[in-house]
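Order of writing sets the chain letters: A, B, C and D. Residues in each chain are counted from 1.
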Amino acid sequence: MYKSLKEECYEANMELDALGLVIYTFGNVSAVDRKNGVFAIKPSGVPYESLKPEDIVIVDYDNNIVEGDKRPSSDTKTHAYLYKHWEGVGGIAHTHATYSVAWAQAQMDIPVFGTTHADHLTADIPCAPPMHDDLITGNYEHNTGIQILDCFKDKGLDYKEVNMVLLGNHGPFAWGETAAKAVYNSKVLEEVARMAQLTLQINPNAPRLKDSLIKKHYERKHGKDAYYGQGC
Amino acid sequence: MYKSLKEECYEANMELDALGLVIYTFGNVSAVDRKNGVFAIKPSGVPYESLKPEDIVIVDYDNNIVEGDKRPSSDTKTHAYLYKHWEGVGGIAHTHATYSVAWAQAQMDIPVFGTTHADHLTADIPCAPPMHDDLITGNYEHNTGIQILDCFKDKGLDYKEVNMVLLGNHGPFAWGETAAKAVYNSKVLEEVARMAQLTLQINPNAPRLKDSLIKKHYERKHGKDAYYGQGC
Amino acid sequence: MYKSLKEECYEANMELDALGLVIYTFGNVSAVDRKNGVFAIKPSGVPYESLKPEDIVIVDYDNNIVEGDKRPSSDTKTHAYLYKHWEGVGGIAHTHATYSVAWAQAQMDIPVFGTTHADHLTADIPCAPPMHDDLITGNYEHNTGIQILDCFKDKGLDYKEVNMVLLGNHGPFAWGETAAKAVYNSKVLEEVARMAQLTLQINPNAPRLKDSLIKKHYERKHGKDAYYGQGC
Amino acid sequence: MYKSLKEECYEANMELDALGLVIYTFGNVSAVDRKNGVFAIKPSGVPYESLKPEDIVIVDYDNNIVEGDKRPSSDTKTHAYLYKHWEGVGGIAHTHATYSVAWAQAQMDIPVFGTTHADHLTADIPCAPPMHDDLITGNYEHNTGIQILDCFKDKGLDYKEVNMVLLGNHGPFAWGETAAKAVYNSKVLEEVARMAQLTLQINPNAPRLKDSLIKKHYERKHGKDAYYGQGC
């Protein structure tokens, strides 16, 4: 059972590695099966070079293991929380990619400096503040999910449009309609983070992209009047 | 028809990818056929790994599709505008290469700091300012072409000598006598952008290259007394 | 004799190269055999592409060559000193990896800025000060071992928890239960060093990770209540 | 004739490319035959992927072509000048490697910040100032040789110990007993340049390496009491 779900999850995890977004086991991707209310996730601490599709673990939204011999990712509860509360999410990726982590450690949102960013989202990429101590010592990974949702509520963001977040002092989570799309968004985030860091090095007073250009580029690729791509 | 034009365009697009100047679909190259008044361009949003020569779209200078089943690049109108007004241009490349974008986002010209730059052009690499809002909401990609020509007019630059430009907050366009040369110029721009960023990190007061050296290096490679290369 | 020890040492040295942590011969790894009181180490100045398992040299804790035709690494006495005084160490790696060296040259500890760091150790990564002149002109590599132990004593650090150090103006040493683990720690150090450098570029006032998060992440992976990995 | 000299030169040029020190044709290596008073050098503007041993050009110290159908590197006169005046030099390499160029464009010597640098040379890596205008408009490449020798005279440097230089606003030249050693020194220079740039980013007040450590590390690898390597 769940063979194709495991395959999808496996492929997305391997792509994370191929894209240079992880070293060793510093990342994980999950893929959801909405009909059955379960998701597939990378097992904890298994290196990519020895990972096999049958190692993938199937978990429900309350973190019960449904299928699999291995212990799921230590971040599983965060994935579960997001799937439970954001029904449009089909896949989630977490990495410790270098530039994304650098912004998270700087505890700063990534400003929308250019069209590469605006082609994907209109908002600054949010950086959620570190949690309060009692939440950290409590159900940490579950509370990480709460922290992400609180951040989106506070900033008035919609997870369907803004499909990535930085956790202060930690690193990025990204999501999408599929696990592959979550990985794609992780790569875009890393590249945008790198461009933004370099932009500030060249010009510390670099201006934010103006609203008309943000809107133009986002709408070229998204929404009913989008004209980018082959329309399929 | 246009088989060899499509091949030339296809090869140049693949080279863009091989040189590390693009991730995913963030770039496009076109090649012109001056005799027939058409150009070949990458289809919109097609990944490089699945791109085939027969996917390339043939378009005229007024953006009419002459041949091809796919939708051409969303930046097609910018290419068309440049081909229409700059008769000596044989190929055009657009990328979101990291360092080029960083300078574009910083909204700064790249100063000619050394001979690597002067081997290719004598001017600072111009950064066109972002467009006015009504031009953005209007015929955006067409107006991007106007913006580039206005920038060259304002700065007194000749497109035959300065074969690259940064669009403020967006990224680079480069061109040349062939599509392959446009890709070459995109790579040179990216490398010069990286060198210039690092130069400013080491010495924020780094001086511009002096005129005699700019002239010497440019003329080693260009013009009637050039002595670089095999003279063919 | 010592065939498997040499193999272990050889594999770990080759991994150092494969991970991009060394150029030319700028690094060395050793593996200890506690039962016999000897360790295997890379021969001095032998390029990785021509290194063979039988080139590995076997040395005792007093730097006597026990087996091998080649001269051992010029850093052998430092390895010997650490093995002699730190009984829990099974392997040691030394590199000139770029970002680790940059922090060593800056003579600064690497602050714990995030969870990537805290997943591995709770302290700032220590930078030992350069030695006094008489220690440098004396038994230099032996004294380098003393310098590392003095640094750990001064800062109240435990080598079993903090398994890496920077030598001011020189570069990193890392260790672990095996040679492979020492190489792993060298790679983690390099990545953490890179993340920290970028963090300071983005936000020179980036705060240190708070204690509750340091503790949480370290204990997820280490100690009796660890729940990361497959528990084997 | 000169078959093995051409082979040596060819191999060294290909290694320059393999080490990532050049893009396109931005570099050249030569190898000298002291007995016959000639040297082999890369032809001008020939891409590495199509370079063949028989393309290599043989030139004497007065820039006369002795053998070969192709035009030699545009930098040939600089190579010739150095071979003529520095009799101990066996090979010379010139690149536009990124970090080396960045320091050259910053017009700054690279301070000896650490042992990676001191393992190879005890002095700061010198940056020769740009030439006077009349020297640039005159016999430029020949005068570049003069500029390098003047720089060494002014700073009291010995080319046998300091086997690399930056030309202000241009890039690096490195040399050695063989062409392969010149390429090695080019790679070391690039890595040291990168480490030094990062060191200053982390700590703008990073101190120069102290004299005792410079001496210690240099003498570990060079001179009569050297104990690095296999002594052959």
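In this section, a residue touches a chain if its C-beta (ideal position, glycine included) is under 8 Å from a C-beta of that chain, and two chains touch if they have at least 3 such contacts.
Just so it is clear, the structure is predicted and the values come from calculations on it, not from any experiment.
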Relative to subunit C, largest Cα-centroid distance belongs to chain B
Give, as an integer number of Å, the spacing between the C-alpha centres of subunit D and subunit A. 46
Centroid distance [mean C-alpha coordinates] between subunit D and subunit C, Å: 33
Going by the touch rule set out above, which residues of subunit D reach two or more other chains? 201
Is the chain-to-chain touch network here best called a line, a ring, a star, complete, or other? ring
Can you list the subunit A residues touching subunit B in their complex? 113-116, 184, 187-188, 191, 194-196, 198-199, 201-203, 206-207, 209-210, 212-213, 216, 220, 227-231
So in the complex, which bits of subunit C are touching subunit D? 23-24, 26, 43-46, 70-71, 74, 96, 98-99, 101-108, 130-131, 133, 136-137, 140, 169-171, 197, 200-201
